[in-house]
Amino acid sequence: MNITVYLAGQIHDNWRQKIKEKASSLNLPLHFVGPMENHERSDNIGEEILGEQPTPVLKDEAASKLNNLRTQILLSKSDVVIALFGEKYKQWNSAMDASTAITLQKPLILIRPESLHHPLKELSQKAHITVETVDQALQALAYIFDES
Amino acid sequence: MNITVYLAGQIHDNWRQKIKEKASSLNLPLHFVGPMENHERSDNIGEEILGEQPTPVLKDEAASKLNNLRTQILLSKSDVVIALFGEKYKQWNSAMDASTAITLQKPLILIRPESLHHPLKELSQKAHITVETVDQALQALAYIFDES
Amino acid sequence: MNITVYLAGQIHDNWRQKIKEKASSLNLPLHFVGPMENHERSDNIGEEILGEQPTPVLKDEAASKLNNLRTQILLSKSDVVIALFGEKYKQWNSAMDASTAITLQKPLILIRPESLHHPLKELSQKAHITVETVDQALQALAYIFDES
Amino acid sequence: MNITVYLAGQIHDNWRQKIKEKASSLNLPLHFVGPMENHERSDNIGEEILGEQPTPVLKDEAASKLNNLRTQILLSKSDVVIALFGEKYKQWNSAMDASTAITLQKPLILIRPESLHHPLKELSQKAHITVETVDQALQALAYIFDES
Amino acid sequence: MNITVYLAGQIHDNWRQKIKEKASSLNLPLHFVGPMENHERSDNIGEEILGEQPTPVLKDEAASKLNNLRTQILLSKSDVVIALFGEKYKQWNSAMDASTAITLQKPLILIRPESLHHPLKELSQKAHITVETVDQALQALAYIFDES
Amino acid sequence: MNITVYLAGQIHDNWRQKIKEKASSLNLPLHFVGPMENHERSDNIGEEILGEQPTPVLKDEAASKLNNLRTQILLSKSDVVIALFGEKYKQWNSAMDASTAITLQKPLILIRPESLHHPLKELSQKAHITVETVDQALQALAYIFDES
Amino acid sequence: MNITVYLAGQIHDNWRQKIKEKASSLNLPLHFVGPMENHERSDNIGEEILGEQPTPVLKDEAASKLNNLRTQILLSKSDVVIALFGEKYKQWNSAMDASTAITLQKPLILIRPESLHHPLKELSQKAHITVETVDQALQALAYIFDES
Amino acid sequence: MNITVYLAGQIHDNWRQKIKEKASSLNLPLHFVGPMENHERSDNIGEEILGEQPTPVLKDEAASKLNNLRTQILLSKSDVVIALFGEKYKQWNSAMDASTAITLQKPLILIRPESLHHPLKELSQKAHITVETVDQALQALAYIFDES
C-alpha cells in the first residue's frame, strides 16, 4: 500500500527535499507531490503559457490559474496533506490548501513553530495533528506503517 | 426566498455592521451570520466555558474549539460566504473559512484591497468574484434578486 | 410543499413571463428563479459593480463572475431546472446550466423545437424529459401535484 | 503518477492526435480518452447495435445513448478535462461535458479562439484556465509534472 | 418538526388513503407524497403531454419520463420511504424506488406479506425495518415522535 | 435561525430534561430531538409493533430496527449532536451515534467525566469540543448565538 | 485502462459465461464480477457460515446478509452495471441492484425482451441504454474502446 | 481484484494474526490493515513524537491524534471493515470505527459473542452481517470470491 502526500506551504527553502530524503532513507512507501517550488517560475507561469499580460494583476491572475490547476489535480490524488507554516512566509495559500484537504475529509498534518500558535489556533484544531518540525511530520507518517 | 450570508474575516472594526445596515436599507432578504465579533471574548471563550487553562497554548486550543463549533454550524447553514481581507489583519482563519466554502461548493465573494492581489491571487481565482469594498460585495448580492 | 424551478435559457423574449403567469393561473405552488433577463444589464453588470474595464474581454470576465454567482446560488436552491433552447439563441450557457443540474441529480426538463433534435440529442437523453413548448413543460410540473 | 485526460469537443479534425503526439514526444505520463472521433459512426452507433430505427429522431436517440454511456464511463475515470470550442463547430455537447466535469470538481482546461470570448464567458469563468491553442493546453498539463 | 414520507408501491388499491387517514386521526406531523395513483392516467401521461406516440413502446417511454420526473422530485424532498409489496402487484418500480432511497441514505420501511419473504430477502435486509401491514408501518413512524 | 440538536447517550436519568429547561429559560432558539427515553419501551418496541418474537436475540433485533429508524431520521435533520458518556452507562450506541455525526460533517459536543478521558481519547479528538457537564454543553450552544 | 463490469440478474442459466467468453475472444479489457451463480449455495450461504437457523425466514435473512455483503463490495468497485431481466425470472434483486448503480451515478445497461417493456418502462428510462440481447450489451461496452 | 480489509477492535490478543494466516493459507486476495497493535506504543506514540506532555490527559490527547491519523488514512483506503467486540475489551473505539465505516457506505462485518447481543443490538442492525467467530468473518470474505 502506497500513500501519496501533498506538501503544502512556502517554496522558499528546501524543506520538501529534506522530507523526501528522510522518507527514502527509511524505505517508507510514500510518494510526494506539491506545488511548483521554483518561486520565480510559479509567478511567471501565466505569462509563459498565455503570453505577456497588460498589468501585474493580470499576470498574477494568469499564474494563479496554472497554480490552482496543478494543486487541485495533485491534491485530489493525495491521501494526506502536510502544511508547513513559518515565521517568515505566512502564506494564505497554505491555509487555503489545508482547509481544502480537511473539508474533503483528507487528514492534515500541520507544521508550525510554537510562536505561531495563536493565529493558527483554529486551523490547528481542524488538523489531525500539529507538530513543530519536519521530522515530526515524517514520524507521524511512518507510524501508519509500523507493525509494533 | 431568503439567502443566508456568512461574513468571514477580521473582527477588529465594524464592517459587518455596515453591510447589515445597507442590506436593511435596501430591503434585501438577506440574513447575516458570522464569528464572535468581540475579539477578547473570542480569545477567552475556552476558559469561560472550560475553566482556567494551565498554559496560553491550551487556552488558545480551548477557545479555538468553540470558535470552530460556531463557524461550522453557521457556515453549513449559509448559502454564500463573504470573506474580507485587509492590510492590517491578514488572518489565516479568513483563508480557511473561504476555502471551506469553496470546497463545499458554496459561492465565495472575496473583498481585498488591490495591494493584496499578489498574496491572494490563488484564493481570488477560486472565489466567484473579488471586489475591493464592502459596498461592492453587497451590490453583488443585490444583483441576485434584481429582475431587470 | 413548494417547488422551486430554475428557468435556464435565452433572455431575449418573455418566455419566463408566460410560464409564470400560467403557473399562477393554475394555482400551482411553484416558485421561479433564473438569470438576469435584462440582456444589456447582464452584459454590463461587471462594470456596474467593479468599474470600467480596460478591454471587452475583461468587461466580459467581470460580468460573467456576477452572472455565475447568481446562477450558482439560485440553482442550488432549486428542485428542478427547465432549460429552453431555440433556433435563434443557441447559448452554451443553457447547456452548461442544464448539465450542472443533471450532475447534481436535479431533474431537467428540456424545451427545444424538433428541428434541434440532432445537436441536442446527448443532452436530451440526460434530461428527464424533452418537450417542444413552454406549455408542455408546465404541464409536466403540474403533474407532480396531481392526485388523480 | 499517471494522469488521465478526457478530450471533449468537436470530432471533425485531428486536434486530439496532435495533442497525443506532443505529449508522447515530451514523455509526459498522460493517458488520453474521449468520444468516438469517427463522426459517421458516432451518428450511426445506435442503429449499429439496436437495429434500424423508424425515424431520424429515434436514430438520434439510440446513438446518443451509446455516446453518453461512453462519455460517462471515461469521464468518471479522468483526472482533468480539456474542452475545445471552435468557430465552426459550436457543439452543445462540449459545454455539457465541460460543465459535468466542473460540477464533479474535476479541473477543466478550456480552449477557444478569442473571437468566442463573449458567448463562452460564463463557462470560461468556471474553467480552471482558458487558453487559445492546443499547445497551450498541453503546456498547462506539463506544468503539473515540472519540478523547477 | 414535520416529516415527509414517500409512499412507493402499487397503485391498484387505496392503501395510501388508509395510511393518511390514520396518521391524521393520530395527529402525527406527517406529510405524504407519492406517485400518480390513477393507473390509467399514469400510463397515458406521456401522450397527454407529448401527443400521440407511434407505438406502444414509445407511449410507455413517454409516460415513464413523466413518472420518473415526479418520483425524483418528491423522493428527494422526503425524509423516509415506505415501499409496499403485495402478492398481486410485484412491481419492479417499488424495488427501484426502495433501492434509490437506501442508496441516498434515506430510511426505508418495507411492507410485504410473509409469503414474499424469499424473493424480497435481500431488499428486506437493506430496509430499516420490514413489516407486514400498513398499520405497523404507521406505528413505526409514530414511534419517532413518542416521548415515553 | 433555529438549530436542531440531537441528544445522544444514556436514557437512565433526566439529563435531557435539564438541558431543555435551561435552553428554554435562556430563550435559545434550540429544538431538541433524541432517542426514546423510556428504557423499557425502547427495549420492547420491536415486539410492540411486530408481535412476540421467539427468542431474546430476535426481540432485540426487532427493537433495534425501530430505534435505528428513529435515530437516522432525527439525526439527519439535526445541525449538531451532543453525546453524553457516564461512568455507569458506557453505551456503544453513544459512540456509534457520535461517530455517525462526525462522518456526516455534523459538529459533535462530547460530555464525559474526566475519569473517562483514556478510553474516550480518540473519540474526544474527533469531537469539536469535549466538556464535563451538561451546563458546559449548553454554554457552547449559546455561544453560537451571542453577538458580543 | 481496464473497466470492471457488475453483472446483475438471474442466476439460473449461463448468460454471464457467454458474455465473458465473447469479451475474451474480442480481447476487450473488461473484468466481470457478480453475485454467486450457484443458486443453491446462494440460498444456503447463511446457514453454511452461521449454522442452522430455526425458521425458513431466518435462513433467508442469514443468506441475504452474505449476498448483500458480496454485492455491495463488488458493485462499489465496478465502473458499469449490466442488469438482465427475463420472462421467467422477474427478480426484484435485479431492479434493486440496477437502481443502486444509477443512484451512485454508475452507468446501467438494461437487457430485457421487448415483451417486458411495460413493467420495466421507468427503470429503462433511468438506464443509459436498454437492449434485448447479451450480445448487444457487449457491443455497447466494446464501443467504449473503439477508436474509429 | 484485491480487497483491502480494515481490522477494528481490541489490540490485546493476536486475533488479527489468526485471520491473516488463514486468509493466506486460502490464497485469498485480501490485504489487511488496522491500528497499531502494540498497546503500550499506541498509548505512548504522542509523547514519542511530540515529547513529554505535562499531564496524563495531554499525553492521551497527543496519542489519540496519531492513532486517529493512522485510522483515517487506512480506513479510507479499505473496501470493508471487520470490527471485533469481546467480553473483556468493550472499546468505544471499535464502535466509533464501525460507525464511520457504515456512514461512508463501506460494508461492516461485526464479530461478537452472543452474550453481547443486547448492548450491540443497534450496531449489529447497521452491520452487513454479525458473526461470532473470526473464522466466520473470514468465510464471509471468502464468499465474495467464490464462483460456485
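Chains here go by letter, A, B, C, D, E, F, G and H, matching the order in which they are written, and residues are numbered from 1 within each.
FYI, a residue touches a chain if its C-beta (ideal position, glycine included) is under 8 Å from a C-beta of that chain, and two chains touch if they have at least 3 such contacts.
Computed from a predicted structure; not experimentally measured.
Steps from subunit D to subunit G, minimised over paths through touching chains, total 1. Set side by side, the interfaces G-H and A-B show unequal numbers of C-beta pairs in contact, with more at A-B. To find the repeat of D-G among A-B, G-H or F-H, check which pair has over half of the same contact pairs by residue number; it is G-H.
The greatest centre-to-centre gap from subunit C, using C-alpha centroids, is found for H. Taking the mean of the C-alpha atoms as each chain's centre, subunit C and subunit F sit 43 Å apart.
If each chain is reduced to the centroid of its CA atoms, subunit D and subunit E end up 40 Å from each other. Inter-chain spacing, taken between the CA centroids of subunit E and subunit G, is 24 Å. Shown for subunit D are the residues that touch two or more other chains, namely 65, 68, 105. Remark: subunit A residues 1, 3, 79-80, 105, 107, 109, 128-129, 131, 136, 139-140, 143-144, 146-148 touch subunit H in the complex. Residues 56-57, 60-61, 63-65, 67-68, 71, 85, 90-93, 95-100, 102-104, 114, 117-126 of subunit E are the ones that touch subunit G when the two sit in their complex. Contact residues on subunit H toward subunit A in their complex (touch as defined above): 4, 31, 33, 36-38, 41, 45, 48-50, 65-66, 68-70, 72-74, 76-77.
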